[in-house]
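As written, the chains take the letters A, B, C and D, and residue 1 is the first residue of each chain.
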Amino acid sequence: MNAAAIAQLSEGGEQVISEATGIFGLTWLLIALPLLGAAVLLLGGRRTNGFGPLFATTLVGLAFLLGMVQFVQMVGEPAAGRSFVQSLFTWAPIGDFSVDVGFQLDPLSMAFVLLVTFVGGLVHVYSLGYMADDPDRRRFFGYLNLFVASMLLLVLASNYVLVYVGWEGVGLASYLLIGFWNAKAEYATAAKKAFVMNRVGDIGMSLAIMLMVTTFGTTAFSGVFSGVEEASSGVVLAIGLLLLLAATGKSAQLPLQAWLGDAMAGPTPVSALIHAATMVTAGVYLIVRSNPIFDLSDGARLAVVLVGVLTLLFGAFVGTAKDDIKKALAASTMSQIGYMILAAGLGPAGYAFAIFHLLTHGFFKAGLFLGAGSVMHGMDDEVNMRRYGGLRKAMPLTFITFFVGYLAIIGIPPFAGFFSKDKIIEAALADNVWLGAAAILGAGITAFYMSRVVFMTFFGERRWADDAHPHESPRSMTIPMVLLGIGSVVLGYVLYSGSRIVLWLEPVVGPEEEHELAIPVLAITAIIIAVTLVGVAVAYSMYLRKPVPVQAPLGTVLTRAARQDFYQDAFNESVFMRPGQYLTRFLVFFDNRVVDGFVNGSAALIGGGSARLRRWQTGFVRSYALSMLAGAVLVVGILVLVRL
Amino acid sequence: MNPENYLYLASILFVIGAVGVLVRRNAIVVFMCIELMLNASNLAFVAFARLNGNIDGQVVAFFVMVVAAAEVVIGLAVIVTIFRTRRSASVDDPNLLKL
Amino acid sequence: MIELLAATSPTSTGEAVAFWFLAPTAVVAAVMILLSRKAVHSALWMATTMIVLAVLFIMQGGIFLGVVQVVVYTGAVMMLFLFVLMLVGVDASDSFVETLRAQRVAGILLGAGFGVLLIAAVSRATFPEATGVGAANDAAGGHVEAIAEAIFTRYVFTFEVVSIVLITAAVGAMALTHRERLTPRRPQPELSVDRIRSAHPTPHPSPGVYAQHNAVDTPALLPDGTASEASVPDELRRQGTVRYTELEDARKQEDEDGEQG
Amino acid sequence: MNDFPVLSILGLLPFAAAVVVAFLPHGRELLAKQIALVVSLVMLGLTVAMAISFEPNAAEPFQFVEKTPWIEKFGISYALGVDGIALVLIAMAVSLAPVVILAGWNDADDNERHRPQTYFALLLALLGTIVFVFAATDLFLFYVAFEVMLVPVYFLIGMFGRGQRTYAAVKFLLYSLFGGLLLLAALIGLYVVSVQELGTGTFDWTLLAGMPIDADTQKILFAGFFFAFAVKAPMVPVHTWLPDAAASATPATSTLLVGVLDKVATFAMLRLVIPIFPDASEWAAPFVVTLAVISIVYGALVAIGQTDMYRLIAYTSVSHFGFIILGIFAFTEIGGSGSVVYMVAHGLSTAALFLVAGFLVRRRGSSLIPSFGGVQRVAPLLAGFFLLAGLSSLAMPGLASFVGELTVLIGSYQRWPVAAGIAVIGIVLSSLYVLIMYQRVAQGPETENVKGMRDAVPREVVVFAPILALTLAVGIFPKPLFDVVNPAIERTFSFLQVAPVEPEVPATDGAMTEGGENS
């Protein structure tokens, strides 16, 4: 379809989806490349030990290059003609219903493709160094490739079933990677927990798909979105809530947030890629992708907003109390995704900012995690921040990149997080003052806990164990950190200036809604920065002015609660796990004793009955003769009676 | 006299034979009682032949006799065998026909 | 005359008289089979019943059958019975104590019930006017001819089957009573040598000599009044069914008392 | 091709081979195994040829039809033929045959009382009955095959099993015979009805399907048929024979028993119950669907609580059969086709689970989960197999079960939203039972129990590879399967009166627009 035709068709801002041709016809290759890597590494066995890791990294790099070329090409297309679909083959045709294996490449998925392949590629490079000594390196890279492939499938799919496939695929990769060091029993448990909680979310996904097929007869985006306006509001609300349930599972939002902290059991690059930059943001992608559904249902959006705000605050509070550097970052991730979900829940006013924050967050949080990994690498896998301190000098490059990421996340201008978070808070304020207030409070707490992390790790006196010899990490690890650090600096401004991100996503999520603010934007920005600085100051007074005790102090009730993630695990354990265990135990008992007992009981009854009947068989011929005569009497009696 | 009286007589003899089988324990007597029952049925057959005016009843009675003879031969052989091993002609002694 | 009696119908007075004489006889004889303690007596009563039945057959025109009844049953079968009785022991009389619980009562009750039912059935049945077998006999040219015709034409298959049954029974009886020889047969010379070598080359004393009985199971008394174990067959001794005379019993009792005292 | 009695050959060949194998003298065990393997491969070849020449959209219901009068007095004939469903299931069974024979290669070697010859003869005989039961288009022939099928299984469990094998074998037999008795009664009833309705009694499916039967009679006959198949399937609460049988049988037997043989029940629901008793099926559907949902949740929950791998797998099958039956009684094309695909997928995933569990159990000598731990440390390849098998069982996308589960859920949601909504819980529970088992067996530190455990040997790799390949093939490109199954499902449901489910808001064709203006 040529540009002129598109311009003609797209009058009124309507978006045109065309058949993918040329470079866009290679969309399948984006997925195939890492999938090939996974297949070769996982099926190839020990033979691929040598070249495997590098091979995998190269493939992801190639995918990134391909994505880049497609991106450049897409920029060259008119704004309304940037969506392309490609159908590879029909997957499951049944009657009128059919599911295609098809891809949709549009500005939204393009953004994700770049994020996933770029950060993914960097994490691969980083892992070359980080995992250099692990005997199972090959498997690790295989899983990473599997993850990249699944994630790309998730964001490129053109229908919900295929999204589901990718959705489960990333869940599997996450399971495998969290449990990569499953020789430690609790790591294996963490992996299982993540998978199962994700599956709880998947209930939402499955049900949403069922509801879509029942209502629209299809799960293709185009079909669902065109039909959604005619559907009843109840159905739309239901689909929205179900998708939200799916999103909460994958994105570790309340109430399915509990797995993310434990997921830090996985190797740190995994935490950076999967549990910070990409997979956990899939929920945001899902909501933004389904914008026509959420646009039509205020109820669903309200639920999304509530989940976002609650998680935002929950994660922030939890983050203040964690001494494990990775868990603190995980809580931060949860909180930041809360921001994104909040933004997505604001509807057309926030979709673009949700994605905006998602992209910047992908960079700076990945950077932070890689930094944390670098610290751990230098500190013999010590994760307790109370055992760090003053690492600034020992690992300067790590410190600089980490610090940049830190400035970005707390939203100091002109770092990336400033722009994206600021816009979200603005949009929230415009929607509802209380929402805005909560978001600003979250920003303050973010500043506090991130400052705490930085101060405890890099500043203050050294509290290392005696046998620790902190050292800077190898080049393969620092280069990705530097690149991500640069991204954390510039990405915000690049995307913000000239509303680039908003305009880029407009074909998919619609134009940004103008919102009126009671107070001028500049004042809001000032307030946010002020609150942030207060947070930093409090952290300074608590963790830099005073020495940090190596043993964690008891703390207030609130601290203790936050340390325990507000008793989420205890809650889950006592409400779901224990009763579940009792239930299964009872059912096993029930099955063995009652159901099978009934069967065996009737067998015993028959056996017992025949044992009793057996007594009639005395073995005496004459008693048999007697019963014969009795039988004869009976028969003759009946005959006589019948003949009467 | 009514020829049906033969049938009544046959019935009575048959019942006596049956009771004998149930009551007596000496295998040989039991056998005699069985013979008595067979004879009673023979009497009935002959009476039927007469009542119906054809010879078939008598032929059946004849066959019954032959079968009875065969049965007696085998039955007595069994009794002798049992007697040889168990030294008893009582039908209550071989009561192993049970689990 | 009897032939005429049977062939004609309905029953003549002569037949009625005969019936009312014979029927009670048969019933009494049958009941006596049950009531006799000794099997031999039962067998005699049985023979009585059978002869009566043979007469009843003949009275109803079954001359051939009547003859067969006498020859086969009274002649052969009853002889067989007596033969076996002798083999098993004539003397063995049943104990009339019932060992199975309620067997006798239940048996008699059921029997009575069965009888009532049979009689009820017969009395309810409607029978054709008795015509006798005379016409059938005439059609075949005689009574025996009529039976022969029936057996060898219409019932030939049954006849063959029955003959197989008979042969099988004969073979079966032989198979059942045949005893496998467990030790090799010892020839006469060996036996005589053994006998001379043994402590008792002369025949054993006969049982019952000088005893109060002369049955094989009663040992002979030696001149001193003790029983000679050698006079009864080994088999009986092994079974322990030797019957000592009262005298001997008393003596044994004394011995035991003496030992105790 | 169509005149060639391919089905008869497919069914009789294994019987002939079984006789030959059974009478091989001592010392020729290897030959017995080789004959069994070759015969199963020949069968596979025949089936592939059959599948290639099969016309999915043919007008007549059955293809490769053979019909010879058998007991003419009762209208019984030796009639064979396959539709899409039967073809797919025969193909699944026959594909598993060489795999199972190879997996059970050494199963009977250390049996003291019975010879490997007997073992392989029984396996072959079982294969033959399976072909007949799927291919029979005469109900009496079906019944005969259905019952004869029990015999080899009984001996396979009773002679070559472990643990409480006699108990398990007898329990299996009695359960099945009880069901079969009711089936026989209902079959005779059906014959009587056919005499009344058609003038001449018959057992011919083509005449019986769609035959008008009055409502009450239908319900009674339906009950007889359904009970027999519910026992076989197995559905809660008549499932308790399965865990015992699976725990006692060799993995090869369990695979055939659970993976293939029990499919006869669900197959018969589609082939016999719905076309012959359409009204009763509709009448009983809410009840059946309730039982199916209970089976799904209950089976999964009980599976979670098991400590024996074989029993656990058996209970997962109870749960999976719930899905299959739910899909069938949804009376929607999506549900029906989905459940057939699910049958195939379940056959593959159960085969994978049982066989890999069998490899583990054979090394360890115990099937109790606590007697393992950290297998991944010593036998990574085997652990990988186990995980893949487990993933296939929990319906991981890309693997066959996912296709079946998703389509079954969609199809049943269309008609029974609440039931499907509850059944969805199964996807969480399935992840629990698989992952808990995997964690306890393969993950964690290396334990004393598994020290020195050998990793997968080439034979085991050869056993697992085709299953994995098929699972992936069906999972990624199930279209050929659907193309074959769809027309048969359509024909099956055409006997019903229920209204087809239409989307409430059908998506407009050529909907090339999206986004933008919606706000």
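Note that in this section a residue touches a chain if its C-beta (ideal position, glycine included) is under 8 Å from a C-beta of that chain, and two chains touch if they have at least 3 such contacts.
Treat the numbers as computed from the prediction; the structure is a model and nothing was measured.
Chains that count as touching both chain B and chain D, per the definition above, are A. Of the two chain pairs shown, A-B and B-C, the one joined by more C-beta contacts is B-C.
Relative to chain C, the chain whose mean Cα position lies farthest away is A. Separating the CA-averaged centres of chain A and chain B is a span of 93 Å. One finds 12 Å separating the Cα centroids of chain B and chain C.
Distance between chain A and chain C, defined via averaged C-alpha coordinates, is recorded as 101 Å. Averaging Cα coordinates per chain places chain A and chain D 36 Å apart. With touch defined as above, residues shared between interfaces to two or more other chains in chain A number as follows: 618, 620, 622, 626, 629. Among the residues of chain D, none is found touching two or more other chains.
For chain C, residues that reach two or more other chains under the stated contact definition are 100, 103, 106-107, 110-111, 114, 118. If you check the complex, the residues on chain A that touch chain B are 614, 617-622, 624-626, 629. The touching residues of chain B, when paired with chain C in their complex, are 1-9, 11-20, 22-26, 28-29, 31-33, 35-36, 39, 42-43, 46-47, 49-56, 58-59, 61-63, 65-74, 76-81, 83-84, 87, 89, 92. Here chain C touches chain B in the complex through residues 6, 9-11, 15-16, 19-20, 23, 26-27, 30-31, 33-34, 39, 42-43, 46, 49-50, 53, 56-57, 60-62, 64-65, 68-69, 72-73, 76-77, 80-81, 84-85, 87-89, 92, 94-95, 98-100, 103-104, 106-108, 110-112, 114-115, 118-119, 122-123, 127-128, 130-133, 135-137, 140, 146-147, 150-151, 154-155, 158-159, 162, 165-166, 168-170, 172-173, 176-177, 179, 239, going by the rule given at the top.
By the touch criterion stated above, chain A contacts chain D in their complex at residues 12-17, 42, 45, 83, 89-95, 97, 161, 164-169, 172, 175, 179, 182-185, 188-189, 192, 195-196, 199-200, 202-203, 206-207, 209-211, 213-218, 220-232, 235, 291-292, 295-296, 347-348, 507-511, 513, 580, 583-585, 587-588, 591, 595-596, 598-599, 603.
Considering their complex, residues 18, 21-22, 25, 91-92, 94-99 of chain B touch chain A.
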